[in-house]
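In this document, chain identifiers A, B and C correspond to the written order of the chains, with residue numbering beginning at 1 in each.
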Amino acid sequence: MTSTVAPPSIRHSRLGQIAVIRALFTVKGAIAGGWILALVLVAVFAPYLTSYGYDIQNLPNAFSPPDATHWLGTDEFGRDVLTRMMYGARTSLTVSSVAIGISVFIGMVLGAAAGYFGGRFDRAVTVVVDLTWSFPEILVALILVAIIGPGVTGTMAAIAVAYLAQFTRLTRAQIMAIKNETYVEAARSLGASHTHILFRHLIPNALAPVLVSAMLATGDAIILEATLGFFGLGAQPPTPSWGGMMSSGTALMFRAPWIIIIPGLAVAITVIAINLYGDALIRALDLRNRMREG
Amino acid sequence: MLGYTIKRLLLLIPVFLAVSVVIFSIIHLIPGDPVDNLLRVGSGPEQRAIIEARYGLDRPLPVQYAIWLGKVLTGDLGTAIVGQRPVIDLVGQALPYSLALGASALLFSTVVGITVGVIAALKQGTWVDQTLMGGVLLGSTVPGFWLGLLLILLFAVQLGWFPVSGARGWTSLVLPVLTIGLGGMALVARITRVSMIEAAQRDFVMLLHAKGMHPMRIQLRHVLRHALIPVVTILALRIGWVLGGAVTVEVVFARPGLGTLLIKALNQHDYPVVQACLLMLAMAVMLGTLLGDIVQAAMDPRVRAAIA
Amino acid sequence: MLLEVEKLSVGIARINPLSDISFGVDKGEILGLVGESGSGKSLTALAVTGLLPLIGGRVTAGSIRFDGTELVTQPEAALRKLRGKRIAFITQNPMTALDPVQRIGPQVDIMSRLHLGKSASDARARTVDILTQLRIPEAAAICEAYPHQLSGGMKQRIVIAMALAGEPDLIVADEPTTALDVTVQAQIIHILATLVRERGLALILITHDMGVVAQVCDKVAVLYAGRLAEARAVFPLFATPAHPYTHALVDCIPRANMAPGALSGIPGAVPSVARYPEGCRFHPRCPAAQDRCKTVVPAPMPYAADGMIACHHPLEGGPHG
């Protein structure tokens, strides 16, 4: 198909810069992208957006339903739920994106090396990856949390390992698909080194689908983070996290249902937004056929 | 088929060993002395000595693993730190609840998921398709435990149709099954729809139309059969999702299953119980995957040929 | 004429990949439909078999008359009764033409059951009979096989058997040998040609192999970029091609007595649908192109005895000299 010798990576990266914006040009993409952007801004500027502290208790004012002073009500300690939601967004977004970032990095290195060099290393990676892939992320994460212990670090490690298999598979499949293309052969015959071929030709090419799937995985990671938080295994109090808020809200859900409804809604809307924006991005990049894992 | 089944079962042995090594290692990877991790706080030296002797904790790691594995294989899963009961009893009590929930949820996700996927594919591009897929997107992006809580609020508290929690009678299964099933259904429906649409574009489908067959017959007898092959593959690989869902949902509904046991043990640092639960769940995942492979082989003669 | 296609135009979404195509084929005749890839041969086949909706296409103008019935205006249900029964279709790639998870037998049986109302056992007996006629050894055993167990040539015979099982009057074969080995290609073409002669079927043979056309076809319709270039009886077309494109195609056939290096290709490539040029679509590649060819579309005109040509400057004399 590719008759030109120019590596498609150049086309893709230039396309990519535009695609992130172009994905916003669809209605769904614009709404979804807007929500994600707003959420990130809220998380970053949380202290400037609210006059309450996330850990300031006000017991006489506990369980106050949403009203003008507390837009989303207060929790069992009289803390402002909206404030805790904003700080909770910090925890959720940081934990999931850092964890996915680590996962993507390690997964790309493993997948690229396995796909490019093949042989025994490839087989070993494939076996391990297939093994973890067939286990539900929550189970892998629980094993990790059992080892590292509850908290932000444990959650991050758990999420990073839980999604490692996915990125390794995807990268490997991408590398396998293009490593015998004409332009790679050409580079190889001109005496290019393995590192040069991997980093200049193969990895840039695999980047677009991997990054898009990383974005989609961040949505799943937010759910996983919330689930671990819900089990009391995520960020420990008083640090607010969406999962943790729901966890403490469960016992009170008949008295103050908004304490669990609001964080859950935030998780759901955020994950839907990430999915819709991811879809728009896939369309803008025309990646549909490349998103499969070999 | 029997030969294939046996072959696949044998292939599970190394997988089982790998998983068991990981689960065995938990006790050594967590901070602190492994003996302490297996004991109640404040246990005396004689109890330490018993545990040490029991697991050979003074011997080299491979030997320890062999001893542990030997005990596991004979059904000796140790003693729970909290409550001091044999772990096998705890797991044995919890397992039927988890199995009932997992199996019902799997059935629900498969049947409803395939139906929804097929309808969406047949009505591709219409409002029916868009509505169904919108609902499916919603189902796959909502955290399972939260959905469970909402269902409790609506159906158990507001309407009083089903019990809020517990595991008495089949009515207590409805909400948990719905909670897990909606997520699983979403997955199955998405794959079914995409693979129906893809299968419909295959060459042989063109020829079926050229043969003058009725389009509905082509869709349901030929296209669907093809579309189900990837569905079964992915379902088999992701059977764990349903089990993972069971873990969270059991906690929400306070069902006395493996998930509840596991989460409680994790919070109480009751490692023998943690190990046993993880082992059970891992085995369930492996057997589920095996089941999926066998079904797939039964459906596709090319797979049968490849393994014969 | 059993089948008469007149001024047929096909649209897919907003593009018009096929315009103003006319040709005809009668019982006992083989019509070769030739052209490079992308010239619209397969679309023509889909239009004739009424399968355009499958790929989102539709007939936008013209008529397709089959045995006196206008097909373009027929409802889908009526077309379905014709498809497989009176008009059979043989697809391009036998490797992917059969349902891989169904045994061979039922795939052929369905034709007799659907179109001739046979019972299951009668249909199977008939299937075995047809397979045997096509010189397939151990036909009964083949019925129990799955497609992946058969060779490409064998699969294409099965597809032909399926086509025959409905007792059709017209077979449309879309590049039936492209995916096969050269030796098998000859066998399949021989089978098809024999069927036409023995049973008096009409066959539309879509191919880009001018050698095959010269050997078995009675008439030829040459398509270029979605338009008809030339349609004539096979002998005069090869002897004195009138359209410069036909001439170039004929020149592309390797011959034993050629001087080394004499074999030529056609410079350039068939334009894609989105980039059809103004005027005659062949003019950018045509050695005889004049100014008029760049702006005015040449309409298909009667040529010689029963031929047609769409060219402002035909090669060997003609209406426009």
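In this section, contacts are C-beta pairs under 8 Å (C-beta built on N, C-alpha and C of every residue); 3 or more make two chains touch, one makes a residue touch a chain.
Keep in mind that this is a model prediction, so the values were computed, not measured.
Participant: Quick one: label the inter-chain contact graph as line, ring, star, complete or other.
Facilitator: Chain contacts: open path, no cycle.
Participant: If you tally contacting C-beta pairs, which pair wins, B-C or A-B?
Facilitator: A-B
Participant: Quick check: how many Å separate the C-alpha centres of subunit B and subunit C?
Facilitator: Roughly 53 Å, centre to centre.
Participant: Just how far, in Å, is the C-alpha centre of subunit B from the one of subunit A?
Facilitator: Spacing between the chain centres: roughly 23 Å.
Participant: Within the complex, which stretch of subunit A touches subunit B?
Facilitator: Residue positions touching the partner: 131, 133-139, 142-143, 145-147, 149, 219, 223, 226-227, 230-233, 246, 250, 253-254, 257, 260-261, 263-264, 267-268, 271-272, 275-276.
Participant: What residues of subunit B sit close enough to touch subunit C in their complex?
Facilitator: Contacts found on subunit B: 202-204, 206-214, 222, 225-226, 229, 299-302, 305.
Participant: So in the complex, which bits of subunit C are touching subunit B?
Facilitator: 49, 51, 54, 80-85, 88-89, 91-93, 96-102, 110-111, 114-115, 146, 148-149, 159, 162, 166
Participant: Could you please specify the touching residues of subunit B with respect to subunit A in the complex?
Facilitator: Checking each residue of subunit B against subunit A gives 15, 18-19, 22-23, 25-26, 29-31, 137-138, 141-146, 149-150, 152-153, 157, 237-238, 240-241, 243-245, 247-248, 251-252, 262-263, 266-267, 271, 274, 278, 281-282, 285-286, 289.
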